[in-house]
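Remarks on the structure that follows.
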Amino acid sequence: MRSFEVKNRTSTDDIKCLRLITAIKTPYLPDGRFDIEAYDGLVNAQIENGVEGIIVGGTTGEGQLMTWDEHIMLIGHTVNCFGGKIKVVGNTGSNSTREAIRGSEQGFAVGMHAALHINPYYGKTSMDGLVSHFDGVLSMGPTIIYNVPSRSGQDIPPRVIQSLAHNSNLAGVKECVGNDRIKQYTDDGIVVWSGNDDQCHDARWGYGATGVISVTSNLVPGLMRELMFGRENSTLNSKVMPLVDWLFQEPNPIGLNTALAQLGVVRPVFRLPYVPLPVEKRIEFVNLVKGIGREHFVGEKDVQVLDDDDFILVGRY
Amino acid sequence: MRSFEVKNRTSTDDIKCLRLITAIKTPYLPDGRFDIEAYDGLVNAQIENGVEGIIVGGTTGEGQLMTWDEHIMLIGHTVNCFGGKIKVVGNTGSNSTREAIRGSEQGFAVGMHAALHINPYYGKTSMDGLVSHFDGVLSMGPTIIYNVPSRSGQDIPPRVIQSLAHNSNLAGVKECVGNDRIKQYTDDGIVVWSGNDDQCHDARWGYGATGVISVTSNLVPGLMRELMFGRENSTLNSKVMPLVDWLFQEPNPIGLNTALAQLGVVRPVFRLPYVPLPVEKRIEFVNLVKGIGREHFVGEKDVQVLDDDDFILVGRY
Amino acid sequence: MRSFEVKNRTSTDDIKCLRLITAIKTPYLPDGRFDIEAYDGLVNAQIENGVEGIIVGGTTGEGQLMTWDEHIMLIGHTVNCFGGKIKVVGNTGSNSTREAIRGSEQGFAVGMHAALHINPYYGKTSMDGLVSHFDGVLSMGPTIIYNVPSRSGQDIPPRVIQSLAHNSNLAGVKECVGNDRIKQYTDDGIVVWSGNDDQCHDARWGYGATGVISVTSNLVPGLMRELMFGRENSTLNSKVMPLVDWLFQEPNPIGLNTALAQLGVVRPVFRLPYVPLPVEKRIEFVNLVKGIGREHFVGEKDVQVLDDDDFILVGRY
Amino acid sequence: MRSFEVKNRTSTDDIKCLRLITAIKTPYLPDGRFDIEAYDGLVNAQIENGVEGIIVGGTTGEGQLMTWDEHIMLIGHTVNCFGGKIKVVGNTGSNSTREAIRGSEQGFAVGMHAALHINPYYGKTSMDGLVSHFDGVLSMGPTIIYNVPSRSGQDIPPRVIQSLAHNSNLAGVKECVGNDRIKQYTDDGIVVWSGNDDQCHDARWGYGATGVISVTSNLVPGLMRELMFGRENSTLNSKVMPLVDWLFQEPNPIGLNTALAQLGVVRPVFRLPYVPLPVEKRIEFVNLVKGIGREHFVGEKDVQVLDDDDFILVGRY
């Protein structure tokens, strides 16, 4: 089901060289549908601050809470409006091979530049099954494989990645296991992005990582750009670290969702099972913003502490 | 759920002036999935021959046999690959208001330039219900309303169209009731496209129609272009008429599907409930092509009579 | 995908002998979801008044506004709670052969006793296509074919029915074309139900129809029972006729939905594109109820004229 | 959206007392659809051997590879055909609260006796989010909460269970963390089923577990019945343990799928990402069956070693 039209041709090399990719937040309207206007604002802020690629519908973007038609629509919309300015990586992975195949086929059809593929979380499978799963999707286009055992319940061991490395569509690995694993890959010439914002500075400058697929860059894209593009910069990294620690005290994207709402760039709407951080953490965030400098954060409004009543939690949508 | 990004802004006036829009065929692989490569070929042939717009997933394109994710994907793909060269009109209508709203929202999100909306066929509704239905979707973007009582079981009377005509998103009407109805609208300044290939020449030159939304132009786009753009031309119209008669002897797109397969531009795969025309009609088609001239038809291969065994009919896909 | 478990075995003969089948209304909660509690009440009223079967998700039950999972769920629920007391006929037909196959497979899996199959409305097809369509579903279990050209846009001619009549799963035809057509079938030994409440008395007593698949019986099941089971009874028929006329002044189920809301047995919630009848018609209904006798109608509450503001119209649900 | 019909009323106490529940395998046809006839055979074997309940579409039954309409259909089918003989527990949990709500609503509507709910795997959430998630579904009917951090990536700590324990719909916990955790709950009067076949004998006889939700009982239901109902029986437990070890050497249900195919009770069809165990393990299984005794296993055919070519792996279905 492939198209050979020119606009669909993105080379794997175009993906391999990206240093800063943001796992973009999906904002919602009060009834739980996508807030596309707010989304456009978020993406524009990324582009303006030098971010080179975005993951659409990642765990950060709550792809796991989307129907597939919502998901493909969001990818198609992003390609249509922003595909000339930023690389669009669709998180079309799934723990169901059928869904991963269909989602990726549709994502590439609507023009995404690359796919992000997780191993089959929750259901899990054998190493042979893992290879079959990835083989089923790698033929479609540039692909980043995502390893995050703390979510998936199962590590993708290096021997699986190495057995897939010959495939010219494999752009690289988003790796969350740590910098030693990253070094193991980069020594072998495999492109890696750190999946941990707290380790990405060192990953980039000390372990050979090409860059980061970041959550924090939703908030401070310019600072993350400097961390990845400038030079080794422990001072800047230390400045950002308290924000990173704050963001990940609860499973992502709880912190991010809370933060963006308080920055006034998204409505304070949560799709369950996500709920906002409690008020004492929300106060902490405002202080963090003031410490780092409001001007480094996305949005124009004053940062504020939202009340519990300001938040809308939606279970049916 | 609207986007205000520049690429999404298509004016209703950009739609109103289109003279030749093709209700494009959707080709299939042997397992019933879309054959995107063949589809791209069909669209390119349209562009090269001066067609200005296409309806994606119309009744001709068998939108009624698609899942919504397939449908939105095809719209998104078309926008992404061809949206700069041809106007993309998504048939996001439905007899369910919910589906019409959701489909149109998604279609505009992935960049379609206009929506085609049918009245609620089969289920039908009252005139008040009809107005509520169209009101639910007209706010989203440029819209063509489609009236085809022989399919829908219910005429959209002029008073309904007139009550919607103040809406700046209403581009016009695809009208199949006949040229007198068309004149009634064009006298009132409402843009109309003929939905009947056998009447479109007269509609254009004698009844004020802006142009046609055509099935026949899938086969002979250049001739249809000349019919709509050149000048009143009964000779050419008479030359094309036997092909039109052949195409519509059974419910569309049965004839079109058979023809395109025999021209070698799509695989001979039918999604049920459509089945090919019988062999004697298939022989007739080859003779028609020879009479009109193979060079006027899409594709490069020799036209051939396919055997019954060449066709693949799929019920599960 | 068949099951041979005993509980799934319903013989076609068990369907052929049903005289009174109600195309049951689907009631909604204010957010547009099914109101299962109200639905159970409607079904119980049917059972108590001697109705022998129900069509779940017919055009009356607004199957065309359901997602397939809603539809199959409603069939499964009905079988589970009422399948021992009343025959459950799922309207698993579609204009897409794929959907008709899948829906019927699932409907029989959850225990429906028979399927109702429409010809491919709106998309239409050739006679050969029609036979292929029905052949694709007839193997699954007892089946009623539904002919209503005023909705489908295409008559199912007797020769198609006759070519399918040898199939032991064909229970019969729900025929809306008129009593002459009915006689044509019953003379041939084909079971027919009238699909027109205004003709069903004559169909039953004068043209050989087995019975009726009725809308009116949602309201006055006992009277319809008497019409079908008692004896030829023009007096009773004349008494019911004004109600029938009132019900069908706008496309069904607009009248029925309005009536049941005013009888207090369902909430006044409409899924678009359906909207209530205007107030003057709503007043007429109250008078009709008083004329015929409230005791013949379902429900216990006083009939009342609802205000415009009492109705909730939902487009997203 | 609740029904108060008698057949839907299952008390939580009816669930709490079940000692042996099987997480039933879902068998497939060569095209990947459900093999309902084989499924019926599996369920009947469970009933005949004294199993009291089944989990439909659990991780063992590959609910994660089903569409929701398939899943609800399978629950509805099971209720319809077997609901009088065995308790039907639908795994209507999800990491999306929306899906968990909708799936459970539909599952109860088609008559399931209880729901199994996992915490939001992969996406994860905070403890507050966890409570909100479970609160969203507990109102619907009897519920078992499922804790398996090795799959979900996140432990459900006892304080969350305790905060839900007052809800009369909470039947208990399927716990995989180990027998100390089980004891902690049973000391508090909370019903627990062991989710680990290798620990279930001790859990039942030494730690207060009510019973087991078992994978192994798909193969040897009679032996598992004896382990749970008879008396403390280390001899029998030791006899079964090599089979259990064999089953779980790769992520479940890989071993189970391989075993049932070799026993001739299901077709050797795997939905990816699952693939069969390699031939040397398949030989081991045949020896295990001979050691334990073919008569204790489900099915009537001789156990055999299947060839690699016998297996069908499906990625699109």
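Each chain gets a letter, A, B, C and D, in the order it is written, and its residues are counted from 1.
Rule of thumb we're sticking to: contacts are C-beta pairs under 8 Å (C-beta built on N, C-alpha and C of every residue); 3 or more make two chains touch, one makes a residue touch a chain.
Every value quoted in this text rests on a predicted model; they were computed, and no experiment measured them.
K.L.:
Is the C-beta contact count larger for A-B or for A-D?
P.N.:
So, comparing the two chain pairs, more contacts are at A-D.
K.L.:
Between copies subunit C and subunit D, are the contact residues mostly the same numbers or mostly different, with half as the line?
P.N.:
Answer same: the two copies use largely identical residue numbers here.
K.L.:
With chain centres set to the mean of the C-alpha atoms, which chain is at the far end from subunit A?
P.N.:
Checked the centroid distances; the maximum from subunit A is C.
K.L.:
Distance between subunit A and subunit C based on Cα centroids, please, to the nearest Å.
P.N.:
A distance of 50 Å separates the two centres.
K.L.:
So, what's the distance in Å between the C-alpha centres of subunit B and subunit A?
P.N.:
Each chain's C-alpha centroid was found; their separation is 39 Å.
K.L.:
Cα centroid separation between subunit A and subunit D, in whole Å?
P.N.:
That pair's centroid distance is 34 Å.
K.L.:
What residues in subunit C touch two or more of the other chains?
P.N.:
Expected reply: 316.
K.L.:
Spell out the residues on subunit C that touch subunit D in their complex, using ranges where they run on.
P.N.:
Touching subunit D: residues 1-5, 7-8, 29, 33-37, 40, 68-70, 72-77, 79-83, 106, 109-111 of subunit C.
K.L.:
Which residues, counting only subunit B, touch subunit C once they are in their complex?
P.N.:
Within the complex, subunit B touches subunit C at residues 32, 59, 62, 64-65, 95-98, 101-102, 118, 120-126, 128-130, 132-133, 136, 149-154, 250-251, 254, 271-275, 277-278, 313, 315-317.
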